[in-house]
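Pasting the structures in now, so scroll down.
Here chain A shows up in two complexes: once beside chain B, once beside chain C.
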Partner chain A sequence: MSMEAEESRISGKRVWIMLRFLFTIWKVNLASSLEYRISFLLMAGMMFINNLMWLFFWSLFFHRFPVINGWELNDIMMLWAVSAGGFGWANMLFGNFHRIPSLAATGQLDVYLTQPKPVLLHLLASRMSLTAIGDFAFGLAIYGWAGDHTIQGALLFTLGLVISGCIFMFLMIAAGSLAFFFGNAEGIVQQVFNSFVSLSTYPADIFRGAARVFLFTIVPAGYISYLPIGLLRDQNPGFIAGAAAVTIGMGVFSTIVFHVGLRRYASGNAIVMRG
Partner chain B sequence: MIALRTASLCKSFRVKRKMPGLSGSIRSLFRPEWEERTAVSDINLTVHAGETVAFLGPNGAGKSTTIKMLTGILHPTSGNAEVLGFTPWRDRTKLAYRIGTVFGQKSQLWYHLPPMDTFDLISRIYELKQSDYKARRKDLIERFELEPYLHTPVRKLSLGERMRCEIAASFLHRPQLLFLDEPTIGLDVLVKQRIRELIRELNRKEGTTVFLTSHDAGDVEELCTRAVVIHHGGILLDAKVEQLKRDILNRKTITLTLKPDSPSAIQARIAGTEIVSNEGRRMKLSVDLSQTDIDLVLSALVGKFRLEDVTVEDPPLEEIIKHIYGMRTGGAGPESGLEASRQAGAGAGGRRL
Partner chain C sequence: MNGRLSFLSAKGRKIEAIYRITLRQQLAYKVDFMLRASFLLLILYVFIQLWSAAYEGDTERLIAGFSLKQIIWYLVFTEALTMASPQLSLRIEEEVKNGDIAIRLIRPLSYLSYHYSSYMAEAVFRFGIHLVVGSFIAWLFVGPPTFGFGWLGLLSLSAGALTIAFLLNGIVAMCAFWIEETRGLEFVLQKLKFTVGGMLLPIDLMPEWLQRICAWLPFQAVLYIPARTAVAYEEVSMLQYFAVQAAWIVVLGIGIWTIYRRGVTRLHVNGG
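Right after this comes the complex of A and B.
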């Protein structure tokens, strides 16, 4: 067997080992969530209804003003589908992405650092949010209701979901990693998180001037409506490649910030349980 | 073979200094003051494979910080360490396959799930072959007597049951070196005893090197062959436990509650003991084990008094460290010489019976 083939076999094996680890940790997460079945159903169901109420208000708005800067009710519905669905899968499978400051402050990274798996991946995958299941189900339901049901439409919607979830995750990882540099950053990161979640459900095109700059810099929620929704509306291969490149760039950036910050991790003596 | 070696290992933290009260908080908001606090200072240590080493010290001495550097959790401020041939903070992943960690205050078990689910997850984390994992799990379940708890969520286990599961979990991947940080904290005497036996057995049968921090002199006596005492971040003493027992851990404290019709303490004398306190029917004695044996003292007590209750305890670690500190400073100061030795055994005060 040639050297290249051997290396590719080894890296293929590594990927398989990593996937098996992820499947097991997700299975454990789900089992842990299902320990409280009523709570699980209520939380997921309430989030679904909560999102639906927001869409109801948007429908009232668009009934009065049918087009705003080129956006119609259907676009808003798809924005909500992509935004809630992306947030949902990211929070289901990697539910610790917005909890890095509290994990770092209470010394909860110790357990990940003593086990032989990539710290960031391990800590992200170690929590499953129950409400996120409602968000994800809502995203799929809205796509089923108002989306493009062709194969191309489904693929673009899936790509939109992947990109929006990744943007949520990568930005919160970068913001959360500030805790390593500035100490207690839980409050500010929570604020960024809340602003990001609410602003990601508004079309970026309705904002102008400083507000628009704000949406693409300080709280870059504008990318959620710009990139995934741009995909669905433009269906242009160049745009798809650009959106993927920006998302990968954000991933690389946030991973670097996290690992540089991790060198400054000071642990702690709080009593900690997992799950 | 060397299991771990450190050279001038130091760790300091930058800590914010704040004056008390609201005005202090406001001042600290605009003009924060920082100070460098040394947690570990110049630790030089070599541990050979198969050794059982107790790393002792009072709260804040730097025990946990040292363990965290040796397991790759923390980066040191300066100095070097090599654990099983790896630099922990650089080769964290490679090292993690070969070491096990048990932190008394940090659980690796999933709180809402039975231990069995965590064991399965650990088998994937350490990439264990499933047939090997199942055989190992079966063996550990038998040795640690875990069968009754395996399918009970961790949140419903007692602290002792959970700790046994924690230690079994850390042994699943057959670590060459096990770090235990306060493994017996908060446990009752019987559970402590059982956990010590289990660790000792695994050390003996599998040759696992054990590096343990503790606050409990009992852990040292019953589990370890060597003790390293640190204080204020630096090594104060590095000695064989046998020597430590002979020179320092040579006292026990006996607390008696006498029956109402029992003769009082003044009427009796037992060689090698001192009364530390005598309040009503409750009496505390310090026993010098270099002069007598604990079983002789207990039989003498049973012969002389009518007892309602009796307990035998080790001196608290803080007192032992005060004693070592007294010895190191050449007997100067309030904890000097015999006085310090007596305090190490039983605290302040006392008179010979």
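Right after this comes the complex of A and C.
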């Protein structure tokens, strides 16, 4: 067997082991969540209703103003479907992505550092958010209600979910890693998250000039809030390529920031047990 | 007579002490304040963009009696009132879960009075700060708030609005005596205020059928009534608005008291 073939076989095996590891964690997380079924259903259901109330507001708004800079009610529904659905799957499968500051501040990263698995991946996948299941279900329900049900439409919607979920996750990993450099950063990171969610759930086309440039550069919320138009409605190749490049770039950047920050991590003397 | 006066003065001193402590706590968290203020600036900026697009930049146009300037200032007032509310559910839920409620119950001030005093002290302080911050961005984009007596109307109706907000949040928070998590219910209450309370959209711009429903709900008394009074003082009846708020305070007050009495009798706190 050639050297390349051997290397490819080994890396394929590593990926398989990693996937098995992730599936095991997700299975355990789900089983743990289902132990508290009432709480689980209540939290997920409330988040579903919470998102529905936002759509109710938008339906009232578009009832009064049917078209806003080219956006119609259906577009805003799809915006909520991709943003809530994307955030939902990311928070279900990698539910620790917005908890890095509190984990670092309370010394809870020790448990991940002592195990023979990639620290970031292990850390992210170790929690499943109950409310996020409501978000994800909401995304699917709205797609079922207002989306394009052809195969192409379903594939584009799935791509939209992947892009929005990854952007939310990578942004929060990078912002959360600030805790390694500045100490207690929970308040700031929470505010970054709230601001980002606000910017990514309003039609991108209401912003003009410098604000629009800002949305597609420094704060890349535009790559989520323009998905219903650039990806789902127009399939604009320039936007799709830009969104994919930004998502990959943010993934690389956030991973580097996390690992550079991790070198500065100093544990306390807290003994942490994983339930 | 003297005994009654000294009782009232002692109660007044206790409430004053709670106000003082709450304000000191608020002043200790300056960074939190700055973060909240920056979020308010951002969200108002987004609203200004959204409504400017809806009005197509026409500052003279009137929609359901509102000009663009009135809408933006209306949103400043509803946002300032919304962001004034502390997270009462979270606090009471924590107190019930970790048993701190036992300490509150043995203090010489009723549990509900303590939370009301603390809530109002924090809410009034936050409302003032958010009003200043929100005014800054609105002034910058749509001009000064030349509302004359509207300001008086806003300030006088805000006391009732914050009291009703306390009662609504309190009723949700009291559910902690029965269920473990009240955050979900709080989310829903918040969104009801956002929508049928008129926070994001004045009730006048809603369809007729919904306006009729909103008129029978308490949420409009928290946000819509004070904010509309501020921007359209000449068109409203202050007396009617005061009466609506008073009626809701009585109804919700009876509601929270009943729920509290029932809840507290089934409370068990172990350890200490």
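Just so we're on the same page, the second predicted complex is superposed on the first by the 251 of 275 C-alpha atoms of A that agree within 3 Å, B and C clash if a C-alpha of one lies under 4 Å from a C-alpha of the other, contacts with A are read in each partner's own complex, and residues count from 1 in each chain.
Convention: a contact is a pair of C-beta atoms (placed from the backbone, for glycine too) under 8 Å apart; a residue touches a chain by one contact, two chains touch by 3 or more.
Not measured: the values here are computed from a predicted model.
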Chain B and chain C placed together on chain A: clash or fit? fit
Thinking of the overlay built on chain A, is A:G251 touched by chain B (first), by chain C (second), by both, or by neither?
-> neither
Rounded to the nearest 10, the angle in degrees at the CA centre of chain A toward chain B and chain C equals 90
(message) Touch test for A:I17: chain B only (first), chain C only (second), both, or neither?
(response) first
Touched partner set for A:L199, first chain B, second chain C, both or neither
second
Ask   = Which holds for A:G153: it touches chain B only (first), chain C only (second), both, or neither?
value = neither
Please work out whether A:S32 is in contact with chain B alone, chain C alone, both, or neither, and reply first, second, both or neither.
first
### Query
Counting only touches as set out at the top, which of chain B and chain C does A:G242 meet: first, second, both, neither?
neither
Shortest Cα gap between chain B and chain C in the overlay, whole Å, is 8
In chain A, both chain B and chain C touch residues none
Listed in rising order, chain A residues that touch chain B in their complex are 17, 20-21, 24-25, 28, 31-32, 35-36, 107-111, 113-118, 122, 183, 263, 265-267, 269-275
So, in the complex, the side of chain C touching chain A is made of residues 31-32, 35-36, 38-39, 42-43, 45-46, 49-50, 52-54, 63-64, 179-181, 183-185, 187-188, 191-192, 194-195, 200-201, 205-207, 210
Per the touch rule, the chain A residues reaching chain C in their complex are 39, 42-43, 45-47, 49-50, 53-54, 56-57, 60-61, 63-65, 68-69, 131, 187-188, 191, 194-195, 198-199, 202-203, 205-208, 211
Contacts from chain B onto chain A in the complex sit at residues 13, 16, 64, 68, 71-75, 92-94, 96-97, 99, 101, 103, 105-113, 117-118, 120-121, 124-127, 153-155
